[in-house]
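In the two complexes below, subunit A is the common chain; its partner is subunit B in one and subunit C in the other.
Showing the complex of A and B:
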């Protein structure tokens, strides 16, 4: 099988996975929650029951033969549309980009789910990217040290760091950092302290320079750079440091362990012995020969790390009070905004499966031994 | 037969000695073993140490106070309790130490239930997938793909929203996000195991497919599953506490480590202990099982020997 055939097969499978997931999500949110939940974003207090019935029918939640809204709200069988029929209609709308209106407090019924989501998503993406950068910068060197000093003190120390990262509750780590930096180590001058004066808000990004930079993309660092306001970009970067460290702690642990074990595997190979017997120094052997081969397997976990980062943002954004999609998703959960929850889960899944696909294709390109 | 017996005994004791040697090389396993066994011991003794119903009784007058002569928080805003509370009181005026002691058995119980259910589901479906092959294998794999495409915590949030917040649903939601890993793990183990010569031998002897699968292949591939299960106890506790921390706890009073920490979320400036100690407990339990699992892998995984 050629690489492009493999890629096409994988893209088809990816579509299948997303379709399956959307079906699962739809059945959970529409099949198990009362059908009236789907109407909630569209209902205004002044609507009479005839208008409500017409609304339910136009949304495809109630049948055309349903006699009254009362009959619909009391779940009379003649009024209920089977979930699979609803799904077909929903899927059609979603593929056209219509994810319905949002039910989030303050903007319920006035904004589309898609616009709310994508106004807040860039912030989360920026946080996740910073987390990914930290993961790579810390995880890989730590894994190498651990493998080259197998079962010696540096290995034990990096094991503690990686297992600690793997075992630490992220919300706790975030608060401990806040407690340390807010209560004990006052570095407010640096601006590291998320609001050294105003403790009520930990979101320095949102309140430090109100209105100075227009939110062109929604990602504060990028906005600052685009507007040419370096001060704003720098402050946003600094304010993101604690959340990004907290977010990346688990993936640092995971990456360290993977790099360590694949490095150990490579160091045990015969060609390592050959390289040493040629008289190459340890440095060259490890960084030129072993590392390249050891990093290949580590690349394959990029999808897993993406999942860690995007799963972690919910908790991190709550601890640090950050205005991203993770925080918004909990608001959505509290008001049963099923449109938003569906969109959030499916976009996150899309990011993860696309990462996995990209990784596998790049991997096949990088490693000539792989045949499909 | 009697002549063969001593030989196996020698092999066993050599294996044991080698395992002990690895234990000595990696003292962290002992730390893990101590932490894991310690948390289980606290969980078992918990009903005798603390009145199991004390979490339902609130004392508004004692809200968020601290009285431990050994350590002060160096902050004038922190209120002093009239009596000694080793780890302070929470926002309902309950003794935080007692609440943590009550929370440990609950968290561990949920974690063990989740991991055992996930292992059972994983063994059944993983073994079927790898042994049946073909379309069955493909369908099971694609279903696990669906569950693995989403960060577990998001899927669990959806489950808790749809089915309501209770300890049972919480456990079920975490099982739903955990089983696919085990299906994959068992499947790959069985695939490599079923090519071994002894399987062919059994087949030649006329053993049935199910018998070969569940009596021979599965028990032979159990070590990696045991290691993964040990590692996952910690991860499951982290997931559960994260879920209850973000507000998906069945009751705000519930003595569950994540829920106890969430009570401190809005007071982290005036009552930092509310966050520090429940979180530290989660860290120690989770670290214990992770260190133990990591060490077990080194001992049980023959590829890492020498």
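Showing the complex of A and C:
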């Protein structure tokens, strides 16, 4: 089977996975909460019972034959629509792009779930991508150095960093960084790096030129670049440093350790002896002959770490008070914003299955022995 | 190689793997190095390459290649000796090839490591190719111009990166053809796992040959192959012997292989060379008791049925090697002098050296 045929089959399967997940999630939210929760974003204090009943019927949670809103909210069987029927209606709406209104504090009932989500998602994506870049840029070289200097000083240092990074709770590490760089390391009376909030201005070397940038995408660095305001982009980058480091510390540790151990394994192989006996330089031996073999397990782990990064974003955004979708999802859980939770879970799941597909494809590209 | 001594540091203690190995190899000669497992054959080979594992230490001796001591060279120099002079062919062709790189790129890597050193080789190969093509048909204008340019290349000239790569490719394909691989252009693009054992061994030999080495070390190259493929590889080796201008050190535990291709034989036991002789001489008149034992242990279909002959005992523990001659505990002809001191090499006959007190010393 060709790689693209395999990819197509996997993409079709991906649709099935998401469908199954949405069903499970729908049952967990709508099946276990009282049916009136679905009305919450739409209800205004001035609505009378008849209007509320009409609303419940239009949302598909109350039957057309339901006599009164009273009967609906006291769960009379004749008023309740079975969950699978609700699901069918919901799925139809969702596929049309209608995810309902949001219940988030401050904007409840005034904005659609979709618009809130996608105005905040780019910020989170930018943070997660920065975390991923840091993970790869630090984790892989650190692992290589560790393996090529096995049991020497660089290896010991890298092992301390990786094991430490892997073991430190992220939220704790984030607060420690904040204390160090915002409270103690001060330049001109202000902290070296901005503290809470991506757009905080309590920082000596950053955000001196916030300027005005139209939030075209919602991702601050990208917006700055698109608007041609490089200072803004740079300031945003500086503001993202602490959150990104905190986010990636665990995955750096995990990736370093896996690269180190698989590199050590590869360096022991017979073909490394042959490569050296061929008179190749160390650089060619390590980066051309060994690294590609050693990266195979690392690619698998990197796929899992991506999922981890998107999960970790929730904690990071709370610690650093950032306006991303992770923080928002926590708010959504607190107020039972069912619509938002559903969208959040499905988008996260989509990211994970796409990453897994990417991992499998990269794997096949790296290792010619793999056939689909 | 003079008085080479190598120790391995292990948890059990110092393993005295090589205990004063003297070996000389003449230009264009095939020397067989035989001995049972653990006698130090591979360690000898790896010390020439400077590729001993990290726990090994060369504690004495010299390895001279064209007058220069390899043990005194800096790692970078030694690497370039490996690149251009000393090539090694290893035992198991599957595990010694990188699984994720194509055959072609694994060979090209060698040439591209040092464009200066290989420009001449690559250009000459192309000229020969053009020469051959010129005999069969008239060359195109582009080919004629290429020939003129290559002919006017100064002896220390270096080809440009792209042209070097193009010529190196065709040279590698030609080398693959010279080790009798069918469809070399296709094999160039294939991965090791797509080839058979014999083909892999041929590509490893090709890796050694592209460098036009002065010394080729072949470490148990036929061991991992089945008998018919073994015969083919040996046949290839014999043919190559006449084609290339290299000395070959053939390491094996198989005396039949030695008899097939070698000019001279050195027998190793417990980190010592115990006997060196011309191949016919050794088989006709083995002097050292260990060599005799080895030859007697070859099963013969014409001999009477019965138990296989063997040498009693097993390879000595090299952490605490036997005193004196390391073979004496197993030697049927040992006498009181044997445990007392290491026997010096004695030239029992012209060109026939043996380390045994039976022959004086």
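Throughout what follows, the second predicted complex is superposed on the first by the 341 of 372 C-alpha atoms of A that agree within 3 Å, B and C clash if a C-alpha of one lies under 4 Å from a C-alpha of the other, contacts with A are read in each partner's own complex, and residues count from 1 in each chain.
As a convention for this text, contacts are C-beta pairs under 8 Å (C-beta built on N, C-alpha and C of every residue); 3 or more make two chains touch, one makes a residue touch a chain.
Bear in mind the structure is a predicted one, so any value in this text is a computation, not a measurement.
Enquirer: On subunit A, do subunit B and subunit C fit together or clash when superposed?
Expert: fit
Enquirer: Name the contact category of A:33: first (subunit B only), second (subunit C only), both, or neither.
Expert: first
Enquirer: Kindly classify A:3 by the partners it touches after superposition: subunit B alone (first), subunit C alone (second), both, or neither?
Expert: The answer is neither, since A:3 touches no partner chain.
Enquirer: For A:24, using the defined touch cut-off, is the partner it touches subunit B, subunit C, both, or neither? Pick first, second, both or neither.
Expert: Touch status of A:24: first partner only.
Enquirer: With both complexes overlaid on chain A, does A:288 touch subunit B (first), subunit C (second), both or neither?
Expert: A:288 sits against subunit C, while subunit B stays out of touch.
Enquirer: In this superposed model, does subunit C or subunit B come into contact with more residues of subunit A?
Expert: Per-residue touch count on subunit A favours B.
Enquirer: Once the shared chain is lined up, is A:230 touching subunit B (first), subunit C (second), both, or neither of them?
Expert: In the superposed model, A:230 contacts neither subunit B nor subunit C.
Enquirer: Counting only touches as set out at the top, which of subunit B and subunit C does A:336 meet: first, second, both, neither?
Expert: In the superposition, A:336 contacts subunit B only.
Enquirer: First (subunit B), second (subunit C), both or neither: which does A:366 touch?
Expert: second
Enquirer: Can you give the closest approach of subunit B to subunit C, taken over C-alpha atoms and in whole Å, for the superposition?
Expert: When the complexes share the chain A frame, the smallest subunit B-subunit C C-alpha distance is 9 Å.
Enquirer: Take the contacts of subunit A with subunit B and those with subunit C, and give the residues found in both.
Expert: None.
Enquirer: Enumerate the contact residues on subunit B facing subunit A in the complex.
Expert: Contacts found on subunit B: 25-28, 73, 75, 142-143, 145-146, 149-155, 157-159, 161-163, 234-235, 238, 241-242, 245-248, 258, 261, 264-265, 268-269, 272, 275-276, 278-280, 282-283, 286-287, 290-291, 294, 304.
Enquirer: Any idea which subunit C residues touch subunit A in the complex?
Expert: Touching subunit A from subunit C are residues 49, 51, 79-84, 87-88, 90, 92, 95-102, 109-110, 113-114, 191, 193, 204, 207, 211.
Enquirer: How about subunit A: which of its residues touch subunit C in the complex?
Expert: These residues of subunit A touch subunit C: 269-271, 273-281, 284, 288-289, 292-293, 366-369.
Enquirer: Quick check on the complex: what are the subunit A residues that touch subunit B?
Expert: It comes out as residues 13, 16-18, 20-21, 24-25, 28-29, 32-33, 151, 156, 159-160, 163-164, 166-173, 175-176, 178-179, 182-183, 199, 264, 307-308, 310-312, 314-315, 318-319, 329-330, 333-334, 336, 341, 344-345, 348-349, 352-353.
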